[in-house]
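One chain, chain A, links the two complexes that follow: it is found with chain B in the first and with chain C in the second.
So, the complex of A and B:
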């Protein structure tokens, strides 16, 4: 392809990306270096790296980081394992059964995140059905604690993201060569060996893709944390990096620090994703 | 013939329904603007402001006029207003709801329009002298009036008469008596969520409770030179008493109770006592919301010691006009007055405590307790713009006491340090001080 043609085709997206991503990112880097609140929005004061240092020294930020890391570590493997397992099962059943179950499993994916979180929260409210059930079974009133709220946020994450991995893996399984599986059966491969030596390698590139997206998605968790921790009630210590950034910006009104936090978050996610991007790159090269 | 008659009768009925409905709601008397005008209001929702929003929207019946109202949770509404007004660009809102806590910050930053001229012009028409001076004082800075008082409010004590009788508990007058009552009922009493709660579910909630206890102990947020005063002895005493109450009455679970949870728990009968805003108390005497109307009682806010003021502040909610509102301020003022006029406030009294003296007789059973709290309480927030910084910083650090991360003194000192840094940066205090 001629260089001119390449730029003619790619320039619209480059311009849009620059306007919508690069400029706000550069602005956020600059605003992170200012003392900025709602009183001086039009005339922020430049203070260098003070906000960035402040963020890195902020114990609450690191607590939010630890919970976000825990959330990623718990949710991502679970959605991959559960999504893959359900996809495997659906791949084995009849088309009609598959259609019904696929529709059911995709429901969480269709629901708007904030609505899903609210629905989930209502189950555990004072007059909620699960609260009633809990009381009936254990004969004590359900009382939210730091552990139960965090567990609920993680469980909701698994419930909400699994349909995504399910769809991806299910699509991947449709491309699995039948003759390969047949040959493995003739050679006496067990079900476990087929999964290990044929199916898992076959969907490996998808797994990297899913991993990449799920890490990004879970790193930015906001809605469910906000709703299920009852508008960030401090007693639950369930702030994620995103909700803590939001809290700094809107409630504490420290917009400069919030911008610095957002930039540190971007750097953090890049650090997490670089190994995945490298793996993905190697995969692409190997496939050529 | 018979069919035609039935059709005609049905038509007549359909046409007459809005007319009957209209009887209940007074028509909007605002002068119709010459051009199509859209007026947007933003505020937060509780029973009486829901009523006012409906009153404001009645003005959409006026030619060329549409009034839109948006009621959110209080923190969300305030966040939207800050985002909209802080840039100095044309305001998307023509009417903003604020309470004492925001007066200093918003008016001090020049975000609100002084209403003196309009109040003077319309004083007679709307009988504005009927609103007590103390309510106007709460929204006046340097002689400029920045809002119209529409709600009177305070946090007062609400309790179950039958349960208190059953346990032989007298209505507490001090927080020491509240703690004793909690010990009598028992923190582990399985009939209840907790014996008593105060709202410590968010940073801003901590800050409000702290302010009330602090003032009742004789302290204040700021010294005269605007240096922090809240981290002194009275501040520590205030936090320690809050913790004593929380430990004796709420346990860990009580910290999770926000205003809505408190309201629902009282209505369901799982919370024998709580501190509740007068603006929410109307929901406690509504038989459609609770079966316990006859046994729910109201008392003034407790004191922090026998000879202290009551730990309840005098709050008002106001409707104000942003300085950058694009529509005619006179038209907007008239629309606000549709909610704040006598006739409207008489009907509003059913939903909460209004501001007009002439509407007191129309209020609910909580009014007396709320009135005593205000009269014997700690007064209103200081209106200096720096108070906004104090509130934000206290809201950031006070919850860390509840989570056990900081001691009361550490949290207050951290808030004081953060306040000083910001107050110096914003020019309220000289750096050398």
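So, the complex of A and C:
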């Protein structure tokens, strides 16, 4: 395809992405350097890097950062392990049965996250079945604390993301070469040897893909934190980076600082992202 | 992998899957139960799984401003019947002796008329407006996003220049960035230009944040189509655009549906962007978030009813297109 034709086809998309992604990103960098609130939106006052310094010195920001990191470290391995295990088990049943199971398993993925979190919250209300279970087991009344709210957010994260890893691994298992497995059986390999030496290496590229996507998505967790910590109730202090930035923008109305925070968050993810972008770049260059 | 054959193993496998199915469905199941309880039952000390009198009141309170004195049940039954008829027309389109496209068009028009007629027949609440807003925003986002995404995805699949690679990699980077870095400037732009609270701003920004993912996914589907197909059409005198629309798009159609499903989920689910860019033209996630927090016990059952109301439409759509969704989830993944 000629360059001219390429532009004719791609320009609407490129224009939208430039106008509404590249330029806003640059704007955010600039707005981060201004004193900006709802009163002076049209005339932001330039104050240099003060906001950025302010964010880095903000104890609350680091608290939110630590919780986000904890969330990633807890959720990502869990969804990979659970997703892989259930995919292996699902692979054992007949095609028709799979379809039925799969449509139930996909439920957490298709429910609107705000609504899903709300459903989770219902389980832990005063009359919820999990609250009841907790009382029966520990013989004390369940009260939301900082710890329990955080645990609930992590639990919801696992519940919500597992279907994604499950389906990806399940599809990967369908491409497993049958003769290799047969040869392994003839050689007398046990099931855990098969998993370790054939299946895990086979899905390795998938694991990298899943890992990257999960890290990206868990890094920007917002909806579930917003709902489960009771609309940013400061008592529980279970802020993620995104909810804390949101608070700065809407409650504190410090738009300058919120923008600076968003940019610092962007820089944070770039550290993980750049090696991967470089790899994809190499791959695409080789492919064409 | 080789199948487990001993009966005990088979039993264990189904046991694991059933437990996981219960785990996946339980929050939805419980919320549905709660939505049919009176608030006294919903707040009972021991959770009630049975032995309560089911009630429609919560749904009435969510959807209606005032309950009609007579004929309410008949009207609801009548409307439900129309919805069931329209959906079954979709399911059995293959067996209706007119072209499928006509059936789809008629059903589409039927739904629009139905949505328009409901407020004339019943005194609906604001929740209905939010529902309509959600539909407008979702459909608008899908249409714009998929049309420009198809063109760009096709261009990127066929163009071998370095520029194409650079665009793809930048798109990947944009996909990974936290959305707030874009949404805060959108909010600023919207405030300065007075575009806040318009469908236009919400749709166009949703299209933008959705675009990187869309072009990557569509490109991977277009790459599967051999070049010879459109080349032979072009030899026969079609322009490239004609060849694209007439030959390529019909072949990639299942892939386009998969991509559209993800746009659908994104637009239907989006909370943060809509919350910041609108003051009153909310979509369902923002409207429902009102029900979180608050000590009023009535909130519990109303939240449940609105949560279930927002989930049913998306469940119907996904049930219909589950194969495409699974295909889409694995499209980028399996190839590496």
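By our rule, the second predicted complex is superposed on the first by the 255 of 288 C-alpha atoms of A that agree within 3 Å, B and C clash if a C-alpha of one lies under 4 Å from a C-alpha of the other, contacts with A are read in each partner's own complex, and residues count from 1 in each chain.
Criterion: a residue touches a chain if its C-beta (ideal position, glycine included) is under 8 Å from a C-beta of that chain, and two chains touch if they have at least 3 such contacts.
Owing to the predicted nature of the structure, the values given are computational and were not obtained by experimental measurement.
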*asked:* One more residue to check, A:59. First (chain B), second (chain C), both or neither?
replied: first
*Quick one: classify A:252 as touching chain B (first), chain C (second), both or neither.*
first
*Which holds for A:267: it touches chain B only (first), chain C only (second), both, or neither?*
neither
*Look at A:140 in the shared chain and tell me whether it touches chain B only, chain C only, both, or neither; answer first, second, both or neither.*
first
*Touching A:45 in the superposition: chain B (first), chain C (second), both, neither?*
first
*Using the superposition on chain A described above, determine whether A:151 touches chain B (first), chain C (second), both, or neither.*
neither
_First (chain B), second (chain C), both or neither touched by A:37_ = first
*asked:* For the three-chain arrangement built by superposition, which of chain B and chain C touches the greater number of chain A residues?
replied: C
*First, second, both or neither for A:183, with chain B first and chain C second*: neither
*Name the contact category of A:230: first (chain B only), second (chain C only), both, or neither.*
both
*Which residues form the common part of the chain A surface touched by chain B and by chain C?*
38, 41-42, 126-127, 230-231, 233, 250
*chain A contact footprint on chain B (complex, rising order)*: 73, 75, 79, 82-83, 86-88, 105, 109, 190, 193, 200-204, 252-253, 255-256, 258, 261, 264-265, 268, 270, 385, 388, 392-393, 395-396, 399-400, 402-403, 405, 422, 425-426
*Mind listing the chain A positions that touch chain B in their complex?*
35, 37-42, 45, 59-60, 126-127, 140-141, 143-145, 230-237, 250-254
*Mind listing the chain C positions that touch chain A in their complex?*
1-4, 13-14, 16-17, 20-21, 23-28, 30-31, 34, 42-47, 148-149, 151-152, 154-156, 158-165, 167-182, 184-189, 191-192, 204-205, 207-209, 211-212, 215, 240, 244, 265, 268-269, 271-272, 276, 284-285, 288-289, 291-293, 300, 303-304, 307, 310-311, 314-315, 318-319, 322, 325-326, 329-330, 332-334, 336
*chain C-touching residues of chain A, taken from the complex the two chains share*: 1, 3, 5-10, 12-14, 16-17, 19-25, 27-28, 31, 36, 38, 41-42, 86, 88-93, 99, 101-108, 110-116, 118-123, 125-129, 132, 159, 163-164, 167-168, 171-173, 175-176, 181-182, 185, 194, 199, 205-206, 209-210, 216, 219-220, 222-223, 226-227, 230-231, 233, 241-242, 245-246, 249-250, 255, 258-259, 262-263, 265-266, 269-270, 273, 277, 280-281, 284-285, 288
